[in-house]
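Naming follows writing order (A, B, C, D, E and F), and every chain is counted from residue 1.
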Amino acid sequence: MQPAPKKYRFALINAFVLPKDSPYIDEHHVPVEGPKESRIMNFESVKDVLADVDWDFSPGALAPYGNWPVLTREEFGLASSARVPLVRAACETGKYNAIVLLGGGEPGFRESTEVARNYGIPVTACGFAQMYLATMLGNRFSVIDIDEVHNMFYYDLVVQHRLDQRCASIRNINFPLPRPGEEQAEHTTRGQRTKALRGEHSEMVEAAVAEAVAAIEEDGAEVLTMGCSATFWLQPFLKTRLAALGWDIPVLEGYSAAILLAKLFVDLGVTASSLTYPPDHPKRWRRKKTF
Amino acid sequence: MQPAPKKYRFALINAFVLPKDSPYIDEHHVPVEGPKESRIMNFESVKDVLADVDWDFSPGALAPYGNWPVLTREEFGLASSARVPLVRAACETGKYNAIVLLGGGEPGFRESTEVARNYGIPVTACGFAQMYLATMLGNRFSVIDIDEVHNMFYYDLVVQHRLDQRCASIRNINFPLPRPGEEQAEHTTRGQRTKALRGEHSEMVEAAVAEAVAAIEEDGAEVLTMGCSATFWLQPFLKTRLAALGWDIPVLEGYSAAILLAKLFVDLGVTASSLTYPPDHPKRWRRKKTF
Amino acid sequence: MQPAPKKYRFALINAFVLPKDSPYIDEHHVPVEGPKESRIMNFESVKDVLADVDWDFSPGALAPYGNWPVLTREEFGLASSARVPLVRAACETGKYNAIVLLGGGEPGFRESTEVARNYGIPVTACGFAQMYLATMLGNRFSVIDIDEVHNMFYYDLVVQHRLDQRCASIRNINFPLPRPGEEQAEHTTRGQRTKALRGEHSEMVEAAVAEAVAAIEEDGAEVLTMGCSATFWLQPFLKTRLAALGWDIPVLEGYSAAILLAKLFVDLGVTASSLTYPPDHPKRWRRKKTF
Amino acid sequence: MQPAPKKYRFALINAFVLPKDSPYIDEHHVPVEGPKESRIMNFESVKDVLADVDWDFSPGALAPYGNWPVLTREEFGLASSARVPLVRAACETGKYNAIVLLGGGEPGFRESTEVARNYGIPVTACGFAQMYLATMLGNRFSVIDIDEVHNMFYYDLVVQHRLDQRCASIRNINFPLPRPGEEQAEHTTRGQRTKALRGEHSEMVEAAVAEAVAAIEEDGAEVLTMGCSATFWLQPFLKTRLAALGWDIPVLEGYSAAILLAKLFVDLGVTASSLTYPPDHPKRWRRKKTF
Amino acid sequence: MQPAPKKYRFALINAFVLPKDSPYIDEHHVPVEGPKESRIMNFESVKDVLADVDWDFSPGALAPYGNWPVLTREEFGLASSARVPLVRAACETGKYNAIVLLGGGEPGFRESTEVARNYGIPVTACGFAQMYLATMLGNRFSVIDIDEVHNMFYYDLVVQHRLDQRCASIRNINFPLPRPGEEQAEHTTRGQRTKALRGEHSEMVEAAVAEAVAAIEEDGAEVLTMGCSATFWLQPFLKTRLAALGWDIPVLEGYSAAILLAKLFVDLGVTASSLTYPPDHPKRWRRKKTF
Amino acid sequence: MQPAPKKYRFALINAFVLPKDSPYIDEHHVPVEGPKESRIMNFESVKDVLADVDWDFSPGALAPYGNWPVLTREEFGLASSARVPLVRAACETGKYNAIVLLGGGEPGFRESTEVARNYGIPVTACGFAQMYLATMLGNRFSVIDIDEVHNMFYYDLVVQHRLDQRCASIRNINFPLPRPGEEQAEHTTRGQRTKALRGEHSEMVEAAVAEAVAAIEEDGAEVLTMGCSATFWLQPFLKTRLAALGWDIPVLEGYSAAILLAKLFVDLGVTASSLTYPPDHPKRWRRKKTF
């Protein structure tokens, strides 16, 4: 006897995948092969929220610009274009009632929302979900993020989501991702998670704590969110460390936020407004748009 | 064998209850007695979202100011004070992992959030949930609301939630609630829902459609929400009528929004930030707060 | 021969009163008994502005939540509900042409404004008056306030008054009010005013000066206001100390600001707009409200 | 025996004066000669508020640009420069404890505030006073103003006072002031006040009512203010007419607002902040200024 | 003897090119072949501003999504990714001192700015240039644009450029571009320019005039800009028609705005800030970013 | 044979001129006599941008308030009134197609724009041009400025230009201009430029670098502009020093910005909107103005 289908049927689509032999595959990247559970970064952080979900994992499209993780605006643009067709294909299967875009910088989020809305399917993404949920939990939030380049890409996202007045700051821990030329970088993300999980001193955890405290004390952050998905693993460490310092505040990470928001949209029976994301032959039109 | 406890254990607490013999009990008010399902206004609208919830219903405190529904700021203040002790009591039972405040004007929301946060329990409310969710679905939302007095109380809520730049308008359908002196009112809510459910012409539905269309065409609304809980029943009618006019947009109502948001908070393991709602003996303090 | 009635006939209504035997009655609280002059906190600060006023003093309603000063949002809500009936009663006497709400956090201000407007009587309060007057005297103001909890309650007030863009910061001097459990607090307000008046070193004055200077130099404050009424006595000390440091700026306190604003409203013949605070059966209604 | 000096000693300084033989002297302009009471426009509107003031009236400097009322930005700039020396001279007499600048467009307000602050004397002006007081009485205000050119000058004032988010609209009644070339204008202010006072039909009153109603119903105004001083006489007519239509809202005019605000500043013992208007050799300086 | 090189050496890069045999090539699209002058849409509008420029024209990359003009967010994303490599290639030639991106919706503008900044080369685009220049010419601007879908894509651009508070409205003339399925559209752009140039009645001109007047009278526009490049040809017609109606205001179009802004950047010796668009191995990094 | 007239025919009008024998003539002031090239402050910085301009230089009107440089709001007002007639006179010659107002605080800019618009001539000024251009080059800009008094005058300009949300800070280097009483000032501008040009240590350069770095690291500036024209000479020094520190960002100065913007306006064929700066007998009028 087949089990009853679950209420939630999600396609989890990664931002991009690197070629198997890339020298820049780092611990925070999804393994290129293996069972889907093993290919979700920090799977433990979402195991529970996925328990009642029928989900498929797409590793994402092969990075079209090179064999290193997406970073620049140019690379994000290319990753966006490469991912949107996967979203369309997922919609066309008829299998899913929501699309969850994995990855911190959410390449292709607006395009995917537009595409999927035509199928009546909501789309969530990690920045969008974290940031908006954060505004419900405190007056202002800060973003813990990896480096100068990603910070400024993320800055544009905050503005585009119209949350600049609620974002206290983007805090830079200066741990650039592996990348050609990154050898000169003072710090990189390599090995930091492993160290932290072993209970060893992790410079990346320390930097995140330092910037989180500064965000709270100097910038007015009342909630913390994570920027690049390479920081998502920091969430439990940061939460614990801050609590130990007496700062008991919500610390969000992108995967759980995006998956749970997708459930809410499914339960509520909504997608983005067709006025915000009009189909290409809209039934009605408005004479004016205001801000 | 006892069934396993459900993941969600919610206390649904009404804004207030009128005395049994009140002449102002209207169809949109909860029956004063009976099984909990019969006492949730428009139960069908939330039957599904409550299916996996262990929930208790509190009719709310007896309206402390009189035997008519809450309307003025003064009455909302009194209803707030009367409800908060119910929230505290619910928290102290240890039975619930979220509190859902029923009612459109959400009396006592901030106070309840503060109280429940000390117990690690999140609180949601109908205005808060609708408005914030609306901002995720479109650039700006409008509120369909009952009358001049409630509109301006709600106006303050929008400002307090810091969403004034995202609220296109509050639209007044001018159907005041029953109340001493309301006999002079041109329109009242009496009987409108019954008529609509019978498929008869309902002036209240017509007014809601007219204002919704104006909100879309003139004010820039891309999502609609409902103000006073006396309008929540309009949601399916409005959604259908707008769709028939070619306006395919999210139309939210308060109960499902508040319940589903409570689930999300439980699943995410968060409550409001202790920096936003500090306990009375906070472990840490900040030198400054900024906006 | 009776003296001619004065132009100003004010009811000064305290935020709350503690029971006579409360162990938490502190120097900044009004004595529970005695002539009205002796029961106005820091009476000298308003003696002159009251000289041409026929005024009555109401100690406020007995604190409904306990025998300590109001602090949390819950307590403020209860104090609000307890005070509004006193406002209504004062209006109904026909004796007053303005109501002045004493107390920094102004519990019940909006409700009282609504109530009194129906009688053609303006209402002022200490936060409202200080903040708005401050915006006339400089680009941005900061608030000197007592502790984390009150800060965040006050934060909501600033937002509700729509002055967040003009408020440079709320500065926390961390002197919590007496309260069950406050014994652990590093600093309290106890005895600080007495010390300062004797010319002794007062840690509270020093903290206020330090935060005021930080507000000026770091946050951009050009005017200072006081938050909780327990800080109002600091005004002359702070003004003098800042002037000695070369910072010649307006330092407002709540009582004089609220009383003088009440005079202005009486002289101008205005109350709050009936569109902002509609009576419960408004003569006219508007189709929409915008922000 | 000399009477005791009054508490308030004000210099009322007009925006400008036209030459006696100007063909453009209109009913709304002050007579060039006569007792001071006869030279205050609409004296009845301020008779009461001036009753406890020792006041002198300065007709203002002779219009430096021509023999017609100030209108363009160029003319306002010249009128500003011509008025500031009168303010300085008034300060230097030592006779006054406040300066009240008459005139709607408040030429020289910022310069005068700077000058008088050095003498410890506050300055008020008609736009500044009306607009800020309006924000205390309702969420947003509109301005009833005379014509296109004055509207846009006033627009700049609203922005400079940082009140653009609180100003619902400037409404144009299109009654230009007398001026070379104004003969072509469809409407002018000539004779309108006389007609209205006689109880005759006044097109200017009708236009003001029409625009006020539109401001209320369409723009969201909850309080009304007057722009050019040539509209100040409309205040009682407009107030009455709106009330008759069911709109019971504050309608401010500039003279009473500016005089009463000056009293408040005197009673509060404040002038503008020296950080906002630094003296030319400031005792202290700040490294940065923020917005 | 070779002529001296000109001061300005620009690459003009079109947003995309359609295949030669596309049935959707419309009059507003660039011819697929021929001398560069013939391939610039409305060449006369920029002939003068290009007179002192050494310029090359790139027809853009072949539309990667189909044979019709770019419209949806998905299509814009794909067009963006297809254009950025052309920008990089142009930079690498060393021939140009500025890149001008043709096309209204400016696909790839941010990515291109990032890429070219590394070469010290500024980039301008048609929306960016028009909008920012418009803010220098009046308080607020409106956008005349073709249809619902493009409007909402453009809406995002306005937000991303942080100009939403200066944009009075986007006005929709409802003339969709040719596209599969567009046959049902009530109006299309086909033939409108030809008619207008012949002096015949053009519904598109009439619609633009109607919406421009509404933008001026209702929305508060003081300057007009054009959205989709299919509207750029309207500029002289609209300017003339508005002037005839008495509205003498700047009407901008994208090509001249973008080219002239590029000249200004070259003359000023600037590109976008490296803090806004960091290179991938930035020399310095900042701990925080604020809004 | 006469040379062909140049495309650009500009009047460069200085903010004011001091009397020849003024003891306050400092190195940054224009020589009172001599060929025009010698009388443009830091001529080298604009030599190139003036190469294709037929330009005349007006030293400005004699400072009407005294023999020292303009500083206070009062002095700026007087300088404004004195300069506007020169602008009118320049327009009336028919020789110029743009007016460039020299000087950092741009006295008379709005009045001049109004005047010149009637002649179809655009006007640019140094603050206006720098600030708006800066918003095109980065998210936010800071202003390097000379002292407390000028800072606050400039603060008003930023607000009036509606750029307060884009201005990260005004940074004060505390080098007051020569002026009666300035002897007490810790630092003055005297001799700083000479030292810097000689390659000697200049405290003013050092202060500018320190504040620029603080603006970048603490305030979020991504572009730098100069306030008072006495700082304009710092531009190349600051640019170089910041680059050496790894901060590669645009550093603007006023003359080149204003001149180049004037060229752009001429080439674009625009002046400010007649709706923003209406002529005194406007052809059309609008019923309302919004913000």
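The criterion applied here is as follows: a contact is a pair of C-beta atoms (placed from the backbone, for glycine too) under 8 Å apart; a residue touches a chain by one contact, two chains touch by 3 or more.
Everything numeric here is computed off the predicted structure, so don't read it as measured data.
For the pair chain A and chain D, there is no chain touching both partners.
When chain A is fitted to chain C on its Cα atoms, the angle of the rotation, on a 0 to 180 scale and to the nearest 5, is 120 degrees. Of all residue numbers used where chain C meets chain D, over half belong to both copies. The two sides are thus made of the same residues.
Compared with chain C, the chain whose C-alpha mean position is the greatest distance off is E. Inter-chain centre distance (chain B to chain E, centres taken as mean C-alpha positions): 45 Å. Between chain D and chain F the centroid-to-centroid distance comes to 32 Å (mean Cα coordinates, whole Å).
Centres computed as Cα averages put chain B at a distance of 55 Å from chain F.
Chain contacts: chain E has residues 139, 155, 162, 165, 168, 219, 275-276, 282, 286-291 touching two or more partner chains. Taken as a graph of touching chains, this assembly forms a single closed ring in which every chain touches exactly two others. From chain D, with the walk directed at chain F, the chains encountered around the ring are D, F, E, A, B, C.
Listing the residues of chain C that touch chain D in their complex gives 48-49, 128, 132-133, 135-139, 162, 165-166, 168, 216-217, 219-220, 222-223, 245-250, 252, 256-257, 260-261, 263-264, 267-268, 270-276, 282-284, 286-291. Residues 64, 71-74, 76-78, 80-81, 84, 88, 108, 110-111, 114-115, 147-149, 151-152, 155-156, 158-160, 162, 164-165, 167-172, 174, 179, 181-182, 184-185, 211, 214-215, 219, 275-282, 285-291 of chain A touch chain E in their complex.
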